[in-house]
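In the two assemblies presented below, chain A is common to both, partnered first by chain B and then by chain C.
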Partner chain A sequence: MSTSTTTQPAVKMVTLTINDQSVTVPKGTTVLQAALGAGIHIPTFCWHPKLKSVGACRICYVEIEKMPKLQVSCATEATDGMVVKTESDIVKRGRKAVLEFILANHPLDCPTCDKGGECDLQNLTFAHGLDDSRFDFLKRRHIVPGVPSTFDDLRIGPEIMLNRNRCILCYKCVRSNKEAFGEYDIGAFERGNAMEINAAPGEQVANPFSGNLVEICPVGALTNSDWRYKIRVWLTQTTPSIDIFNSSGSNILFYKEDHKNRIFRTISRRNDEIDDGWITDVARYGYQLVHSPDRLQKPLMKKGSKQVPVEWEEAVAFVARRLAEIDDTKGCVCIGGLASPTLDLDSLHSFSKFMRKVIGTNNLDFRIDYRSLPEKPDSAFSTLSSQPFTIAEIDTSDVIFVFGSDLVKEHPNEYLRIRKARNFGRPLVYSVNSFNVKSADVADREFIYAPGTEEVFINGLCLAAIEENPGLSGADGLKRKISPADLNSAAKTCGVSAEDLKALARTLINGKKISFIVGDQVSLSRDREVIAAALCNLNRLVGITSRGQMAALARYADSIGAEKLGLIPNPHPDVKRALTDLWGGFPEMAGYHTEGMFSQMLKGELDAMVILGANPVAMYPDHEAVAETFEKLDFLVVADLFETETTAMADVVLPLASWTEFAGRYVNLEGRIQKAERAIKPLYESKPAYAILADIAAAARKPLFSSAREREEEIEKVLACTTVRPWPGDYLDVRPPAIDKDPAYPIMLIIGDDPHHRCYVTEKAASLVKFCSDAYIELSPELAEKFKVEDGDAVRVESKYGKLMAPVKVSRVLEGDVVFLPRNFSVTRANSLVSRKARIDWVRINKVSG
Partner chain B sequence: MKEILKALINVFLKMPQGFVVTLKHVFKKPVTLDYPREKKPMAPRYRGRHYLERYEDGTERCVCCGLCAAACPADAIYMEPEETPNGERKAKVYEINLLRCIFCGFCEEACPEEAIFLGQEYEFSDFNRDSFIWRKEDMLVPHPRKDNPFKRIIRRVRRVYGVPDAAR
Partner chain C sequence: MILNKESVALMQKKASQYPRRKSGILPALTIAYRQVGHLNDQIYREIAKAINVPYVEVAEAATFYTMFPKQPTGKYLIQVCHNISCALLGADSLVEYLEQKLGIKKGETTKDNLFTLISVECLGSCATAPMMQINMDYYENLTRAKVDKILEELRAKA
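The block that comes next holds the complex of A and B.
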């Protein structure tokens, strides 16, 4: 974190005087930033700390000595000896004049404007403006044709309303969309007095970051429909919280109303270390699922063949009794547990203690969507995923390497970081994937390797590095362990030319600071151990982590927390020791991970499951098989927010409180512990997971913790252990497994997240459903031409394991025989097409006629 | 002796003087009113019950901006906005708790749409507390219109912006 200041060469400093105060800033700083740094406030409209200055609004006027006219401070560079005045009479007169011009066309509709009460223009007019206007002519009005309304509101996106009368043309929305997000769906059209902001012709503003445009609008020109006409901002209270849908843990702020016990909106809480003030739409609108009418209201218990609502006491006593019965008759080996990695630390640790201490089993896991899990605890992939990674380090990296990741869909905050690094510096960015991705638009070059040749590509990179620099240590030892062992055949297999591999290897060798991001194409691959081994070899050969960072990034809000708390059968030895010390014992048995538990269930060896906030039936690959597996259980207890496919099979369903309803801590992918405060009281009869577990444990007469304090202290002690696993001491064997391909299924299927849908829960957020309500088949234009389909046509997708039907969306980025299918939708289940055994999911598609 | 004389003067001179005053008033017009059969006209600026105004085409003036509720020192006003089918803003719920209201008239001063004003009526007695929470429908009734000097600026801006005041 501090390296950014230490590694860079010393910057020349300049000293200037602002309002009789001497300020020293690095050369290149604007007067505005110098003043803000010194605590002097200068009003702004068009300036944003994370965007380049344009000087469009001119409200940030300052007086600079020896300059004949007022200067816009956001676009004037601070120089040595400058004397600046920000509050002199001439500056105030200038501001007044600017405001008068802005208000010449800005309507006085503050009573109906949702920005009223938090509007920059309103505040500045109140502070500096005239109380009357001298422009005694009609104001410019952009009338929306065909709408019998005096309000002139225009819907330009699923969630965004635009009122062009109110717009002061600061271009902040257009600039941030282009600069920070790389999207072009909003723009400025016409010129002069007729100029207006509008959506690009024929398009909707529906990019994954569109909510930010509303947030940074200094007036009420852009408003979003979730906050529209709901409540006045001065009636709300704010609560700091954390985004739990993305692993980087963006900082957010809830606006809620205590008497109504309701959250009304989310805005970002800028944290330069993590999110830079930009949050995704999922983080912005995800809170709506809390108020979904589908929330579970009371505990449900299966009586006969139906689930009926019961009181908490009855449900808890029943769960405790049944678990004790199964423990007595069949042993604790027959009980397993799954917890969602989006739960907070308290719940996860309570779960771990509940399973291990109260029940005494070691069958527990938090990995709910991985295809196959490492058999051994100290595998290459665990090493790779446990490496430290700092988001802010991306800013100062000179080589950024994204391997096997569609960043916009997987790690949106990191995508924006890379974009920012490109805007304000000159890093070399490479995106390497088996298919074309949207996030490659930040890359200098995009490389596409043949499907299922990740490890061959990395081997090729190692071999290219050896050719580039034969002096690298242990080159011979490496060549013996990998196959193919010569560069040309590796290049031929992976489909990236030897020259390109050499150029890539050269940048990796010469890079001064490297950020190497490994994504889902590796994490979710069947052969991820092999790929991870190849990456370990690459790191050992080239020494990436000695000059930067390299990690397989976590995918869920608290994945790292769950791993640090030891929620896997084989936790890190230090964690295991700490837990043994705390509890005075640790289950002797080896324990099964998710996949192991499922196969035990299928064999009938595992009879009871405790599931917290997870929906494996809908999320785990091979839908049919998993559903069948769960039917074999004797006793299933599920705690969740909603009724899901998994709760439908449960004997007891317990209503779980969402992350807004209690204070919880989450560990983001960097290992940073962040706190989400309680925004509202738990709705209906829901309870946080830790409270549910405490109740069940108390009903079983084995209390979990004597106090909340004790729980916190235990968590502190466990988190104090480091879980970073050391890199292997030698080169690892990398032998690419054979790729099975059936000519009947020629098309590669990519399963991933839609940018507006996370886990299975965001389907309940009304605003997010407007962006994406169900799965679609995104296919390349070539395939669309081949099958003669257009946007919206239905196609049938068939794999060896299942088939489904979905509407087509012709992609702007995909090329070749590739289709993308978003997962975790309740109607169209992507996991029914997928097998746990195959490395690549091959499918065939046909058009559904009629 | 002296005391007896004083008492005689009181009885025969001072007391009849008092009776004369009383007797005079018997023939005068009384200052009291025969309330509730008779009612006193209130001062022009008297602040009584609340009215909500409509435009001439029948639409409500209130846009539910919340300024009256913000200005209200007694916290007597509660409102919830909603969106009309053509995208305009209006009140879904507008309630005034007359038990809390102190009839200060700040809501009337704050209202940018000239939608609310306080009329002349002052009779609010009832048998249960709930009936003192007045809903939108209770206040959207025909009424004598009052001119308000605070609204001149708003009217001028509305003219500049091209929205005619009454006809919209």
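The block that comes next holds the complex of A and C.
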């Protein structure tokens, strides 16, 4: 018996000859990939590196010795001793014949086609000099009924236009949609000459990954309204950047035009370690908010009761003076700051230094979400959220456990990754949550625990593991620390049967490589400390991280960056030490975190706030209370891209530059530092946050850094500290707190992002608004039946804290007494329903008649 | 609901017999066709729900098979083979004769809603060409006299 579980079985290699070149590849590689790997180009249409081969287009023909006919290289496995030719006469003739076939019905309308200049078909046809056709019958032509268009374009989604005449039926769009994204809104219909791609009858192609279909279409059959007919591709320049709407940091490429100082589109910049070349629609169309007419153009200052535009000098001098005044009269403990975790490292570190060194306060935070922070500082949860996690490790995991996460909304890249693992391997995947989620479609089984019983469920897993394997170390010690301490009552409380818990525990014990993802239902829970403690116990008991990875994943583009730079009152001790060394000191006070600052404000003990790129009035729980809290402030300065509910209350509003307008670095959930280059010059008078802070500090005669170089060196030093917190040395107490429930509010409310939106800013991206323009109440078919409502009917949702009205969307995934409400819209504010103190948001709903 | 309980139960039973649910789509389409006489988007939706497969995959399979009519037809759907063997043995004139006898053009339905006439590709019965299929039955080695008799019998049955 092998003692080690980590050694990989040796991969067999095969050696073949391609165009007289000897090539050695692992067994199972296709001839195409062997050739591409050796730098030999073979044309393809239907092959895609991340999809299964289908051999539909035949353009990748090669000649293989001892095989009577040409072979499609994308679907032929390379074997030992194979002799392959990719450019022989017969191959060229074959390719030419295939092209002639493909072009039989093609309209050859390149001059008016938006794909012109970047079309695989155009390039290949050009290369093979096909300027005539032997077919003399009429081409098959798809005419859109009732649409008098010369181009016969059909709108099949909010963003996607389809020209069926140009389609070469490579099926890449349909395949990626089903295989890679698990979406079923596009299909291939009819057969033979009549075959066509189209949206599912009566539906729209509107899934959260739909933009990828356009990107991978090798011809001009699929185009998107975002880009089409606005500019020719050869007139643009490109800038590498990253997706800042997502904590994975997908790699993207902007197409921009320098003279116009405008971005025209986003495509993926494939990074196999992160995104596999798939990006979400939010990443693709989100850039549009940069060019929104609503951008703040100039600094605003409150004069009398109105905010009026002023020059930067005036605004900056005023901010510096007011902060100094408050510092003098009340002390720096009365000043606090919030910075968005989507800001770049330079800005975040400048913020930290500005607050701590220039002002001298330790009231600062970056965590503002749709649930409030627990009052006590985290311990177990800090451990859990600081654990290393590598996205690509999902590919080779044999057990994937998704706990408390609506993965498609929270971590779309990781969802696609799990799909891929399922398509190409045989991992066991479990989705465990308190409500049904779309991402469970990649799971072998979905388990639903009772609302607010996360820690009971995890306790149950521990107890089940002990029953399965009584030899597990410290089992008795653990039992004393948790309640309930017997499997059956834990099972009863959490609603997952003891048998199921045991089966799950078995897979965790036996898994060779585990990826355990912890999501928002834990990270944003009031009781996240208790749940995290339970998870620490589980890890201690069965040793998940000794055979894989387990972490509460970061949610924003630079959350990890903010964490590593110490943007919380109690940073990791190493970070604190590094900062103290660099600055020759650190504020003495303990400092308040987000929730603490708000309580202080309410008590009138915090008088001034500096806010960078955040909108707590609209995003933080309990809308009215937050607004009231902010009214108490003496002085509020906010930098943002747009006017928001928070800027409306500010004394000074400063126009912030977006991530496209300066070069910035961001740390993704894996701790990977990535750079977004500057694509365009800052629009209007906007400035990056680090520049704004430097200006204010200079006006206060306390310069932040002597040079950009110094700033960078400081960041380097702080980032060099490891912020992974060690697992606790013993089992932790896990005593589940009581769950408050009032029978008058029987339905559980889930708040989150609509799949086409992120936070409060994407409302300014026109394309994303086409997918979803305002809040809705997504409810289970059971509830729809109970309240006799259909799609579009208005319902009133009421919690103890507030109420709102929104149209109904009958869910395809939710079951039971659960409703989902997106938090992204300024008209319908989800945070008005949420309490600051409760663990679960309970609501009741009523149909609004009429 | 267009599909009745029996159809749904049968579809579910058939689908459960395959290792992959998706394989249940074709039997389900046949069952629906037998019950309704044609297929449409609404039926695809009901099938998708009944056997728990994506709606678009039901629609894809249904449209791939031209043998399933997508519009209501007459009680008898006459499908004359027009492929090579049948064509050589007079399929064209057979269609003409049927058009004349029924008083409709190919693709149309008689006023009394009894007959719909279409021509189709090879039905795999070349050895007995010319031939046609009416609903689920084959009629082979056709002559005009035989056609007269067949139509008469069907009318009588209707």
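Methods note: the second predicted complex is superposed on the first by the 835 of 850 C-alpha atoms of A that agree within 3 Å, B and C clash if a C-alpha of one lies under 4 Å from a C-alpha of the other, contacts with A are read in each partner's own complex, and residues count from 1 in each chain.
The rule is short, and it goes like this: a contact is a pair of C-beta atoms (placed from the backbone, for glycine too) under 8 Å apart; a residue touches a chain by one contact, two chains touch by 3 or more.
Bear in mind that the values here come from a model prediction, so they are computed numbers and not experimental data.
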Which superposed partner A:706 touches (first chain B, second chain C, both, neither): neither
First, second, both or neither for A:153, with chain B first and chain C second: first
Which of chain B and chain C A:849 touches, first, second, both or neither: neither
Which of chain B and chain C A:22 touches, first, second, both or neither: neither
First (chain B), second (chain C), both or neither touched by A:305: neither
Chain B versus chain C as contact partner of A:230, first or second or both or neither: first
Touched partner set for A:112, first chain B, second chain C, both or neither: first
Footprint overlap on chain A, where chain B in one structure and chain C in the other make contact: none
Interface residues, chain B side, partner chain A - complex: 63-67, 70, 80-83, 86-89, 112-113, 153-154, 157, 160-163, 168
Of all residues in chain A, those that touch chain C in their complex: 178, 184-191, 200-203
Chain C - residues contacting chain A, complex: 41, 44, 54-57, 59-60, 63-64, 66
Of chain A, residues touching chain B in the complex: 107-108, 110-112, 116, 131-133, 135-139, 141, 147-151, 153, 228-232, 234-235
